[in-house]
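You will see chain A twice below: alongside chain B first, and alongside chain C after that.
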Partner chain A sequence: MAELVTGAKPIMARPRSHRGGGRNTRKYGHLWFVAPGLIFFVAFMIYPAIFAVYVSMTGWTGLGNDFPFVGFDNFIQALGTWPLYRAAINNGIMFICILLFQHTVGLFIAVQLNTKPKFMEFYRAILFMPVIISLIATGFIWTLMLSPHIGFINPVLKSIGLGFLAKNWLSDPNLALGTVIFVSCWNALGWSIIIYLAGMQNIPEELTQAAQIDGASAWQTFWRVTFPLLWPSFTSLTILTFIGSFRAFDVVYVLTGPIGSPAYRTDILGTLIYRTAFGGTGQTSVDIRMSLGIAMALIVFVVMLIIAAVLIRVLRSREVDA
Partner chain B sequence: MKRRLLGTLAVAALLASTALNAIGQDKVVLTMWHNHPEWKDRVEAILAKFEAVNPTIDIQLEEIAGPNYQVRVNTALAAGEAPDLFMRGPGPETQAAAEAGYIVDLTDKLDISGLTDAATRASTIDGKVWSVPVLGSYTVGLYYHRKIFADNGITPPTTMDEFHAICKTLQEKGITPMIAPAQDGVIPAFLYMMLSSGILGPDGFDKIRTGEKKFTDPDVLEAAIALKDMYPCFQEGSLGTPYVEGKALFALGQGAMLEGGSADFAGFQETNPDIDVGVVPFPAAKGGKPSTVTGMEGAFAINAKSAHIDEAVKFLQFMLGKEAAQMVVDNITLTTTKGVLPSNNRVMAEMLTAAESRDVRVFYEFPQTGDVMAALQQNAGSLFIGELTPEQFAQKLQDAVKPAPL
Partner chain C sequence: MTSLATTPPRRRPRRSQKTSRLVVGLLRHTLLIVLSLIVLVPIVYMFFASFKSVADFFGNPYGLPKEWHWDNYTRAWEEAHVSITLPNTVFVTACSVIGSTALAALIAYGISRREKPFAIGLYTLFVSGLLVPVNMIILPLFVLLKWLGLFGTLFALILPYIALGLPLGVLILAPLAATIPRDLVSAAEVDGATQWQIFWRIVLPLMKPGLISTAILNGVWMWNEFFIPLIVAFKPESQTMPVGIVAFIGSYSTEWGLVFASVVIATAPVILAYLLITRQFQSGLTAGAIKG
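This part shows the complex of A and B:
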């Protein structure tokens, strides 16, 4: 009261200017938040990639400071060696098998889980666990289990009367690749379940109910209504499987070693490149060719990029909107 | 009064920290990498002896399992993070590191007069010394379980025909004749080296290096044929058995024989302290003699970027001496120092006797045949399952030879 009477000027609220100053901050201020991640990305992804392209055009063996420029010789040599194609074929077989597995077994389990049985969270956790376990640990455990000497798969088969199925899983040339693919499928199953489950939970129930009212059987409902709406999941899963199977290394390296034994049956691009770049035969390092290994890796990268882009385009165009 | 007390305390603290700093600075820490985890305790015992005589030097040993060792060392060298001391294969390996400027020239720093002839030749490249074998040499022959042989009334084989007869006898009794972990190709490569050494001998092997003889010559081809014929005698799943598992299987008595080196015995004892084995030269293929192969258990080099080169030199000189060598031969493997004999190790003594038969240096210690080892490792599997004929296999090996004058 007293303040009003004495006539002191009341303090008017001044219009607040934006914190931190002018238009530049508003426009570019967000870049400060992106900066740490961007620096990390450039330092650990972009720079090494550029350096790799540079090294692939030299004759660096991996030892020493000799970087003689050789142009595209490494690429030509890589494209001319049969082992590269042999390994790529093994990767291709792996991709097809895992893909079929994911889209059948994975889809089936996801459909079952979608009916929300009791203990659904528990099943989901157990089925997803192989994805989380370190690939090296997975490889070691399976190596132990599959060993004809100290494993338990063969003794168990023998004890339940299926002894004729007890084979040399990792050393029989006809079975080794299949065994490795089996372990990879086991590892990757969780992905397909989670992706399909998420996809199914996005489908409005009214659609399936409408189909059933119209007299569609469960089979028809699934294939005519549910599955077309799951196409985005199908696409994501296919792309992920493609990238994953051509990038595979850890599990195969631990299961069958750096030379894709027996007799290169399980040699994939990952082990081939590792062996070329680092000399994975262990005893000597006189056969390492780092720059050739990098050239191979770059070739694989470009081919995968092209195939993935084509796959995405083809698959996306078939997506249906709900 | 308070100020004076504080002042005194401050000076005391300063003096104390300087003193502590000085003591801390006197201790030199050398890092050392080696590739035999199963020897760790025994090597530490030798290092402890050195540290007792040199209290200001502390050596930190890191043991890295064999197959991963080369990759780690090469990566560390390229990144500039290699340890002060590390093992390097003698010959082409050391030469590559020397040319890259990674290691110290030890020619005038070390006295290597105490080394055996083979070791001296292994350490010297073009008259310069870049690395020295200090943790022994290894000789490779045939290990066998004495009890299994005695129980079945068989004696160790001297020819491949005898070997196959033993193989048949043991297989009929359900005993695995031979353990051969072939997943990474190392053991088959050694098997071939011994079979071919039996036929070639040191002189014949020199001829391979100069190009006068080839692996595809009819007499040497017998080695490839003999290798292929051995496959049915291996344990089940040999192509998928990793090296380390194979050695453990043998130590536990799950196979009667194993091609192995003097360096493996310590590992067997770690797995099975009661192990009872004997050693003989490897049986001869057609036209050959029983033989062994010998290599250096890795020569040690000093990192050119090390901050303590003098201390590292001191350590290597100690390791070249008789005291360290005696500990090596008694507990670990054969040694490269002259005049040191195993005092109480029967297996090492048998190994030395075996080496007197016909001993040839391992292929990968020479630049002319350095790549042959890799060719052996990578193609043995295909030979075993019949994808390559012995002639094709021998041709692949010959393609990897780089003939040059000795």
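This part shows the complex of A and C:
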């Protein structure tokens, strides 16, 4: 199908040609360029999204052709039980922690790199690297690093006499979520560095120089001049982190499994929806409630949409012009 | 810009400016080196771990491998089905990147004139696709792929990836296409060029930086994507590497050496490409992130 559509491009484009163009072709001819992509988009995104809304109002289990209409029952059930809130709270904690990390550690490093120290390119290349490594690979790397017996962290701690700090990082109920957040931060640090750095490089040097000539200290210059001009970076990074942390799935799947062990302490919306819709480990096919899972996904989608819109509006309104 | 923004203000700059600058520089490098190590050590550790035997993992957790087990790689190639999933990943990523970048470029040019009918509406439609979560549409997608007879083939991944790559492509390319001077296009029209020729000869070359950004951004995502194959691909023949590795873990949970050999094989191509064209990766990924 891919070949078919791509092969058709030259033929489809031709009717818009100037020489043969009537009034309609001149007016609507540009749509021929949109058509091939639109076909893909409608088939693999819009149609499934509409179908998802329909399925969420049925009692479909995911198998067979039985679509009993149940109205809003799935939504009521999803919203009326604890797991969805529990997962959302975990996502929220992840979001806040990663966000704080990005806007403190990430910003601080970006500032350091912006002073253009020696080997700056080298540091930046290294610190950005985890971003391109998949969360699956990241998860495996850290599963091994943190493993109580075969790992790196605990044996090293023991060998330097800090054995009391060696913990069951991924199975201790009080530590597991923190560990997941740490690993996510390790993977996402590069984003904050690169986005803030790009933002700072867009700030005209005259502005900071002028402030310094006027007698402002470096600290004042940063908070009064540089940082306000970094609001667009702040906005992008906040939105990116918001979407990233509420869509998280891979990292938890690998680190603590699809049931968010221990005792659902690391259960997030991604794993909850996956488990509900497709069945995770330790569940029989009876427990699989495809339509309930899709209803949850729809609720999350709508709530995220509203929060993201509000966030963008609030953050954008605080941006200033350079 | 040489002064460090976050250091405490220097009260007496004349007396000790040189020494304080030296100290600040030293602290800055220490911090950057420590952070670089936090990033690098796990990656290097994984690389060494991929050569270890199972006994070595327990007896010698953080040292170098006692014996370098190159056969971890040959065994991973066969037993962890890397011989199948690696070519799959290359093929899926290549087809999806080319497909979605090309289609996004066509769309971007098609809607580049805002006054044309539907241009703004189509732009909004495509870009709003960024917000649709995969787990919401995956099941209808599953049903659709089955109906199309693509289930169990690599096209079950390629076609959704092409569609899912479009929103970002349009987001990056549409503003670029809109900045192409109209005079250039009308001059070509006067010279008798068809719209297709204009697109191919004028618009596409001018959009090159955006095309590279789109390709890198979507390519990294497609190479690493895990959720869709987790749901639609059950056999190595139709899986890409991330899900192949996870499936392998499920059946041989103690063969850590093989697992990490697979992880190294899955990660190395992206890291190598990144080290070769670091600049393009960073600017490409940032372009998408800042606009997204």
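Everything below uses one rule, namely that the second predicted complex is superposed on the first by the 292 of 322 C-alpha atoms of A that agree within 3 Å, B and C clash if a C-alpha of one lies under 4 Å from a C-alpha of the other, contacts with A are read in each partner's own complex, and residues count from 1 in each chain.
One rule holds for everything that comes next: contacts are C-beta pairs under 8 Å (C-beta built on N, C-alpha and C of every residue); 3 or more make two chains touch, one makes a residue touch a chain.
Predicted model only: the values in this text are computed from it and were never measured.
Look at A:H149 in the shared chain and tell me whether it touches chain B only, chain C only, both, or neither; answer first, second, both or neither.
both
Is A:S261 touching the first partner chain B, the second partner chain C, both, or neither of them?
The answer is first: A:S261 touches chain B but not chain C.
Which of the two, chain B or chain C, is in touch with more residues of chain A?
On the superposition, C touches more of the residues of chain A.
Quick check for you: in the superposed arrangement, does A:V34 touch first (chain B), second (chain C), both or neither?
Touch status of A:V34: second partner only.
Just to be sure I read the superposition right, which of the two partners does A:D214 touch: chain B = first, chain C = second, or both, or neither?
neither
Now for A:E319: first (chain B), second (chain C), both, or neither, which partner does it touch?
A:E319 contacts neither chain B nor chain C.
With the two structures laid over each other on chain A, which partner does A:F278 touch: chain B (first), chain C (second), both, or neither?
Both partners, chain B and chain C.
In the superposed view, which residues of chain A touch chain B and also chain C?
62, 149-150, 278.
Quick one: which bits of chain C touch chain A in the complex? Just the residue numbers, please.
1-10, 25, 28-29, 31-32, 35-36, 38-43, 45-46, 49, 57-58, 61-62, 95, 99, 102-104, 106-107, 109-113, 116-119, 122, 125-126, 129, 131-133, 135-141, 143-144, 148, 155, 158-160, 162-164, 166, 189, 192-196, 199, 220, 223-224, 226-227, 231, 242, 245-246, 256, 259-260, 263, 266-267, 270-271, 274-275, 278, 281-282, 285-286, 289-292
Within their complex, state which residues of chain A touch chain B.
By the definition above, chain A touches chain B via 61-66, 143, 147-150, 168-173, 176, 256-259, 261-264, 278-288.
State the interface residues of chain A toward chain C in the complex, per the touch definition above.
The touching residues are 1-2, 5-6, 9-10, 13-14, 16-19, 27-34, 36-38, 40-41, 43-45, 47-49, 51-52, 55, 62, 108-109, 111-119, 121, 123-137, 140-142, 144-145, 149-152, 155-156, 159, 186, 189, 191, 194-195, 198, 205, 208-209, 212, 217-222, 226, 232-233, 236-237, 239-240, 243, 247, 249-250, 253-254, 270, 273-274, 277-278, 290, 293-294, 297-298, 300-301, 304-305, 308.
Could you pull out which chain B residues touch chain A in their complex?
Against chain A, the touching part of chain B is residues 66-71, 74-75, 77-78, 89, 92-93, 96-97, 99-102, 182-186, 189, 235-242, 245, 249, 254, 364, 370-371, 373-374, 377-378, 381-382, 384-385, 387.
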